[in-house]
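Shared chain: chain A. Partners: chain B in the first complex, chain C in the second.
The block that comes next holds the complex of A and B.
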């Protein structure tokens, strides 16, 4: 297989807070291949958004700082790129869409005004050419009457329409990678379905890779090819989407799958006991140990587990699978 | 969606404004002042600077609507031409102060941190003096002339705009569309120009309307003590100053320019207040 399009290696990010240094990402690694939709799941605060934002280097520094690791995109380390080159990559090779379609457009300009701006910022195009490109893209995200959408102010569009405009804007320069940070969380289920279908179609047609951040396992099952599961700032399991649902290896992933409504028919909904540990003083050893049903003394509480391969496309960081079992 | 989108918004604003009684009142006063100022050469019955020593200090009457001053000049004509001067002073001051202040504030708020701290402390220094006193000191230091009075007045108004716009910029820079713009490859200058400033415009316009009255007042005050417009320029503040000596016997000399200042300032204040309500997006629709 070719080298992955995006290769995040041992990325560590921390934020300064009044209570101390919060280590939000701790040696997180994952890859996204050409034309692949990679899901990134985990509960709130586990570092999914920070991970995706680090790729474009839009973490506010200070208080944040990227403490280590590499983010290789098309073979270049984004963390070592000069500001100017980083800016050229943004929007052109890597784009991003956010959770809040309500506020992602500037309320004082028309949609067309803002979309044309993106086109003309990245290539020399006349006003008419830019308009044509916008219309074509709005059509691709299946917005009816693209001409009147261009003339509309953001408040005149619904949430779903706005998110489609955002997708159109993000993809208008034909990027290789789209970072989608919970793009459907704020939308209702039918609209969510339409947006996912559009993303899947565009990914298939344009060879676009997507890093799809979500906490919705249903969305993952519907859209993604592979999944990375994050817990407390670490990637704990990576597998193709079939394996994750059929044979989840990490106890946390097992808990996540078990707590999807409707999967187990018996009575009460399963919830993983306990809550996410503080990123300021994470528990030593395995970060999931305090909530883990399989936790044992010794190894689990002393040594942080390394990623091990349990199947050809399935890795997990858990002492249940480390060579030789627990000490 | 027939008309251009910006025209549509403008129409809506005017429609809402026309339903607001105080906006209409303020607007009428301002419009009247503007008409008088623009039409001064046509409306004025006499030359505002022509001396006519035979008609000194005549009471208001048929020949001279507002009477004459100690050099026989027609006060009505002088007040009309004074409207030109006062309004253009006000507009100039607000434009200079507003543009500079907004740029300073947007830069300060957008970057935050040390830059913000340094700029805002500088603004605090200016704010720590009463604006009239500081304008007076500046105008005196630069020498008495109308241009210097305008610059001095504009300078003391800069912090008001800077602080207001900075506050808004602090909010706007956190909004997702700024992040969206950054991930689309926009630089700092572009974001300030295209995203921060336009979103602070509403409050800046309101502040501009509200402070226009103040600006006229400060400029008139500077002229009153001789640091602004120089004779024979028919400036309202300067006219009051020279009319002061005659206030006991010839009340009309200082009263009419005073009334015009009063109406103009009140007009702009009322209109500014109404504009603040109208431009508030929460009650807009």
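The block that comes next holds the complex of A and C.
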């Protein structure tokens, strides 16, 4: 098997806050293969957005800082790249789309102005050539009347149209990797379906890899090939999408799956008891222990579990599966 | 085109504002106790002499009649005759207003040319050395009284260092450039008299800085805070994620957005600069409106007071209109 396109190893990121240093990511690891759509799920505040933004090195520093780990992209460690090279990579090889299409486009410039600017930031193109590239891309995301979209200001477009513009803008330089940070969360369900279909189609056509951040297991099932589950700044389980739903190994993943409305027909919605621990003083040992139905003293509260392989394409970080097992 | 219709609408709407201003000013200046005729002839003049003066200036007629007479003259470009010096008020304004306007505009240019870059620098290097320097500079600016600052500037640059002249618009021995606009800087450029331009600028810099410092400080703070707010917006993250250079992100994407609150403050400041020039003009013996207006008020010179007030309110209206039009250019979400 080829080396993965993106290989994040033991990434640790922290933020300075008034209450203290928040360790938002703690040795998080995952890979995204060539042409693969990788889901990254977890509840709000678990660090999934920070992880995807760290890949582009666009977390604000200060207060944030990347404390350790590696982000290997096409064999190079992004964390060691000089600023200039990192800038050239952004939008050209790795692109990103965001949750809020309302605020993600600059309100005082036209769509055309902003799209052409991205093209011309990465290659020397005349205004007309840049416009042609924009029109082609707007067409690819199935926006009707691309010419009038180019002339429009963001506030003149609907949320779905804006998100398509964002996708067109992100893919205009034909990147290898798209980081999608909850791109459908702010959209209504029908528009969400259209956006997912466009992403799936473009990924297939351009050989694009996507790291798809979401908290919606339904979207994961619909779109992704593999999934990484995050909890409190750590990746706790990685598996192909079939295994995650059929045989979730980590107690947290099991809780997530059980929380999907409509899967259990008991009428009452399941919720994982407790709440996410503070990233400033996370519990020692396994971070999920305070909420875990299987937690035991000893190992769970003292030692952070390592990732172990439980099936060919299925790893989990839980003491239920560590080699020594639990007493 | 829509903008043009909007400007016309705003200009028409300014007419009732100005009429209102004229009525108010007229009433207030006539309601002040004191008799301009008595001031003209002096405290020891006879009753007859006072009556004669009153008649001569139309001060014996009822107020509404006086007002209508005044407004009729105004529409013909006649602001009446100064009671104090018997010159047409239009002529006085033409003599004194350009000096004040030049000082005010120079102050505004200083405010923007220094305040905006300083504010941007402070925002981009937030909580670092440049930000602290800008903060100290601003705090000193808003807390220094103008008269004291003026005196200190004179003491340092005129008396001790001898780098800059201390008073007036020109050296006593020089004569002004051919009057085209009445603004010496522009007139000197038009006359291609570079030596004179240098002289004019050297006279302008101290009073302009003295007048602008407070507003310069305010603009620096406004630009800083609006820049910080804008730099935290999602579209700034998008711009960075799309590989735009830091300079483009700051100077194109963030700057235009941060200008919207800045323009508001700059417009207000310009109005206040225009009205606030009196102290500065006094300290630097600047032959502008300030002294003229104070003298007019002291001698209840109605036509002069009216003339100045109308001119100043027209300037306010024009400035406000300018600000509103600028909004439309800066922010496409505003449509009229």
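The rule is simple: the second predicted complex is superposed on the first by the 326 of 327 C-alpha atoms of A that agree within 3 Å, B and C clash if a C-alpha of one lies under 4 Å from a C-alpha of the other, contacts with A are read in each partner's own complex, and residues count from 1 in each chain.
We take it that a residue touches a chain if its C-beta (ideal position, glycine included) is under 8 Å from a C-beta of that chain, and two chains touch if they have at least 3 such contacts.
Because the structure is predicted, anything quoted here is derived from the model rather than measured.
Applying the stated clash criterion after superposition on chain A shows that chain B and chain C collide.
Once chain A of one complex is fitted onto chain A of the other, the partner contacts of A:301 are absent, as it touches neither chain B nor chain C. Look at A:222: by the touch rule set out above, it reaches neither chain B nor chain C.
Look at A:33: by the touch rule set out above, it reaches neither chain B nor chain C.
Shared-chain residue A:92: touches chain B and chain C both. Of the two partner chains, neither chain B nor chain C is touched by A:65. Of the two partner chains placed by superposition, chain B and chain C are both touched by A:103.
Legend: residue contacts after superposition of the two complexes on their common chain; A:148 is shown touching chain B, with no touch to chain C. It is stretch 116-124 of chain C, out of 62-70, 116-124 or 188-196, that runs into chain B when the two complexes are superposed. Common to the chain B and chain C contact sets on chain A are residues 56, 58, 87-92, 95-96, 98, 100, 103-110, 117-118, 121-122, 153, 166, 169-170.
Touching chain A in their complex are the following residues of chain C: 233-235, 237-245, 248, 253, 256-257, 330-333.
Across the interface of their complex, chain C is touched by residues 53, 56, 58, 87-92, 95-96, 98, 100, 103-110, 117-118, 121-122, 153, 155, 166, 169-170 of chain A.
Partner chain B is touched in their complex by these residues of chain A: 56, 58, 62, 87-92, 94-100, 103-110, 117-118, 121-122, 148, 151-153, 166, 169-170, 179.
Those residues of chain B whose C-beta lies close enough to touch chain A in the complex are 1, 5-6, 9, 113, 175-177, 179-187, 190, 194-195, 198-199, 201.
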